[in-house]
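Both complexes below contain chain A, partnered by chain B and then by chain C.
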Partner chain A sequence: MNDLTLEIIDLSLSFKGLMETTKVLHDVSLTIGQKEKVALVGESGSGKSVTARLVLGLLQAQSKTRVSGTINFEGKDLAWMTARERSQLRGTRMSMIFQDPVSALNPVYRIENQFHEVLKRKRPTISFDDARVESMAILGDVNITEPERVLKSFPFQLSGGMNQRVMIAMGLINEPTLLIADEPGTALDVTVQDQTLRLMHDMVEERGTSVFFISHNLGVVREFSDRLYVIYQGRIVEEGKTEDVFANPKHPYTRALLAAVPSITSGDTISDAINDTSAFLAPREVH
Partner chain B sequence: MGNVLNLLIRRVWISLLVLVGVSILIFLIARVIPGDPARIALGPNATDEQVIKLRGELHLDDPIWKQYGYFASELLQGDLGTSLYTNRPVVKDIAQFLPATLELVFAAGILMVLIGLPLGIISAKYEGRFLDNLIRVIALLGVSAPSFVWAVILMLLFAFFLPLFPIAGRIHTDFDIDRTTGFLLIDTLLVGNLRAFVDALWHLFLPAFALALSGIGQAARLTRANMTETYRRPYIEMAHSYGFPGWRVARKYAFKPSLIPSLTIIGLDFAAMLGNAFLVEAIFAWPGLSRYGVAVILRKDLNAIVGTVLIISAAFLIANLIVDLLIALLNPKIRYARRNP
Partner chain C sequence: MTAPLLAINQLAKTFHLESYQIHAVRDFTVDIWQGECLAIVGESGSGKSTVANMILGVYPPTSGQISFKGEPLGARRTKSQRRALQLVQQNPFSSINPSRRIGATLKLPLNVHDIGTKGERMARVEELLGEVGLPADYAARAPSTLSGGQCQRVAIARALASQPEMVVLDEPTSALDVLVQARVLILLNELRKKRDLTYVFITHDLAVVRNMADRVAVMKDGQLVELKPTHEIFDNPEHDYTRRLISASPVITEEERDMRNRLREGLAMEAVQ
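Up next is the complex of A and B:
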């Protein structure tokens, strides 16, 4: 037994289509230690979100997926758990933050109801009023000055930045050991995204939460994560401490990614900018 | 809540305007149909003097706008005139026949919601699987035939070949129930006659089901379509990522947001049932407004025709009003929208 929060070993995933199966993850391995913030970086379509969904156990049950490899969460193999046991981990031991906070919150329920739902995951009998008190406290932690008003609001009544804070608070209120953030705030404007990321950083530092941080933006990753993995077409091509990778990128794809930092933030892919991508398939580099 | 009240007031005004428009239109149409209502009313043996006298009493020789004026001022006092067919105030006639129709339509509306929505929810939750396909076939069957066709089929199958249900009428003639509200399901309970209540329910089931079938299909299909669309929204994935149980996600995250667009159509369907009820009533010999309506049209009973159409329009408008109100109450974007930002 080790004390890793998340350990992924040789994870592969294929989607069965009508005619053929497409393999979207090829032997992905990565680890996240306790209190560690680890990033998975790659362009759009490289397999970041499916990795996150596999960790949450959301894809395994689908009939069109074929999964192999191991995902150990807190030392336990997800594959050995029942669907029920996996779902019991979600929202309690691990939780997720999404790209667009406004569309990720339920449009027809007040924020306070949504907090109540989330809190009930850990304590099924918690009362609405107790849930309110706890929600107020954590909204204070994410620097929301009028928690009363926010709790009474529907998502459409709040700004994108405000919704993002709400989502961070929701993600952390049950004190999960692992927070998965899939391109958090990419839908927001850059300064708001920056603010909320810094806030999230402080929150997880304080709580000692491990973070699996997914992004296509190396610039953001540099500020946020302790270690990073670079993924290209479903394969990890480089891994290492963030500062090491930035100081001395070894893999051709990572170098291209770094060179493209200013333009990739606008959503372009590297492959669009570079003609010869054959070097990107070179073996994995480890720092 | 101020928004909802505003909306309600505005909608009531619009409904009233529509009602005035309908009253003018139907009044004109009724006057334009050929044939002299006074002569029809008095029968073939009436003398010319009698006809002229009745024409005078009915203001039939005045200009048409003046006639409408008389009609409108009486209408405002709750008087729809006297039926030339039954010789009773039209209001009394309608009060006698309307409850049977409303009972039928309400029952059909309840069946539509209680069967159609759950079918749609189950279908969406099991999208692409056997249960979904089964429900889709059933729903398609429901919408593929008009309600009077279903009425005939159901009657043949379940009242004639398989005599599970009574073939016609509202209640067995042995029961003599005081008409307090005119709604038999309520009146039987008011007098505490449980057997009569069950019997009335038994009579109601087939016609109501026939009337509801296309609505059930429509509601199921619509709910399924809206819900499968909603299932692809990010907040559904968020709900799954928090491990909420599947049925809870279906209800609170997929169904409720999709109910809002479904409701509009369900409301329209419900209102359309008022019209379809005419044929279903005729098939099941249901003593509702249709029998009266057909009789008065054939006799060119002006007051009764105008009165019947007005009442049905009013019921239609009220049904729509209620649906609009429900939507406003369900949709926080309407309830809490800032006014004139």
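Up next is the complex of A and C:
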């Protein structure tokens, strides 16, 4: 028995096409402890978002996917749950924040109705007015100064940063044990992104929520996470404490990723080392 | 003293909506010199793309003037002016015609501006592809078969096809991954040296600016708040807004963290006073 919030063991995934099967995850293993903020870093197409979708249990049901390996959520194997049990976890015990808040919220419902929907997942009988009171309180927590106006608005009437805060509030209102954040803030400006990330950081610290943070932005990961895993072409290539990996990256791919980020303290630092991709499939490095 | 390649003088743009007006750009003055890379930075809504659109002649300014090589640019551009000023957009998937093959996309500017003889043009297209690091047989491909980074290379090749003197880059790498971004930035730097191009680089990513630009113009609410050589703006940002922008960038190294913390402390001190 262990007290890990999330434990993924040897997870593999392939998509069956017309002619061939494409393997997108190769024996991915990772753990997230209680109150831990863990990041999964990689470029697009590396398999980080499908990992998140597997944890949510959204891909298993599709006929074209082949999954093997184990995902334990709070000590229970997701594969042994019925579709209904998995569905009951979503929005209550685990919730998700998406990349683009404007398209993740339903454009034809007011924010207050969407909050009511979310709250009903945990307490099906909650009334609209009670839901409103709770929503007002949590919107205050995400530094929204006019919760009344925001609740009455449609998503397109709010700015991107506002919508992102509404998403964070919605993700946390049911007090989940695991929050999955798929590139939160990449669709936003630097200043707004910085604000929302700090806000999210404080919120999860306060509530003791574990976070599974998915990103390709190394700077953001460094600010936010305790531990990180680097994924390349469906394989975990490096893992360790955030400081250790940044101080001493061991895997060639991690080094290339770090070298590719333009530095803000000195010009002309982008090196040509990033073009040598031959070593990127070297075995996994653990700190 | 030679004249600047592009002189922007007291440029302003006001958009009229049903009941109110938006002053998107106000009193914007800057000279851009041959061969330099000028970055325009600011948050969304600060007017940086509006400036780009006015340089390109997408819409005319409400007041003020832009002159190119000493000649004022009118609302209707001459063909040679259009040839000399080119654009690379943010999202390569939406800026390239999905139903045209790459070769046809690259050939269009050659046809429009009558560059080379008809027989030579296909060879030119292949040359252009080579210049941006793509194999020549990509000319026969459709854009949907290319990755984001490859598409952006095609967009750059298309801008270069008409042999421009100035290229406006509107957030050319913000839709791309870090590794792909690094490769595109290296390519842009090489091309600038090789072809003696002038860049107007529009972005909100200050780390990219530090690695690309010679000078930086910081915009806020449609106005120019600071214009300085790149190293000065990072070593000694004068305006509060500039400091906020720099300190909001995510950091990787210890050095960067120190710099950010210094800036944040400065901002906090001022807030107290």
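Heads up, the rule we're going with is that the second predicted complex is superposed on the first by the 275 of 287 C-alpha atoms of A that agree within 3 Å, B and C clash if a C-alpha of one lies under 4 Å from a C-alpha of the other, contacts with A are read in each partner's own complex, and residues count from 1 in each chain.
As a convention for this text, a residue touches a chain if its C-beta (ideal position, glycine included) is under 8 Å from a C-beta of that chain, and two chains touch if they have at least 3 such contacts.
Bear in mind that the values here come from a model prediction, so they are computed numbers and not experimental data.
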item	value
First, second, both or neither for A:190, with chain B first and chain C second	second
Chain B versus chain C as contact partner of A:44, first or second or both or neither	second
Partner chain(s) touched by A:256 [first = chain B, second = chain C, both, neither]	second
Which partner, chain B or chain C, touches more chain A residues	C
Contacts of A:108 with chain B and chain C, given as first, second, both or neither	first
Touching partner for A:68 - first (chain B), second (chain C), both, neither	neither
Touched partner set for A:21, first chain B, second chain C, both or neither	neither
Contacts of A:143 with chain B and chain C, given as first, second, both or neither	neither
Contacting residues of chain A [partner chain C, same complex]	43-44, 160, 189-194, 216-220, 222-223, 246, 256-270, 272, 274-275
Partner chain A, residues of chain C touching it in the complex	43-44, 148, 177-183, 185-186, 204-208, 210-212, 230-231, 234, 244-246, 248-253, 255-256, 259
Contact set on chain B toward chain A in their complex	233-235, 237-245, 252-253, 256-257, 260, 330-333, 336
Chain A to chain B touching residues, read off their complex	56, 58, 87-92, 95-96, 98-100, 103-110, 117-118, 121, 154, 156-157, 180
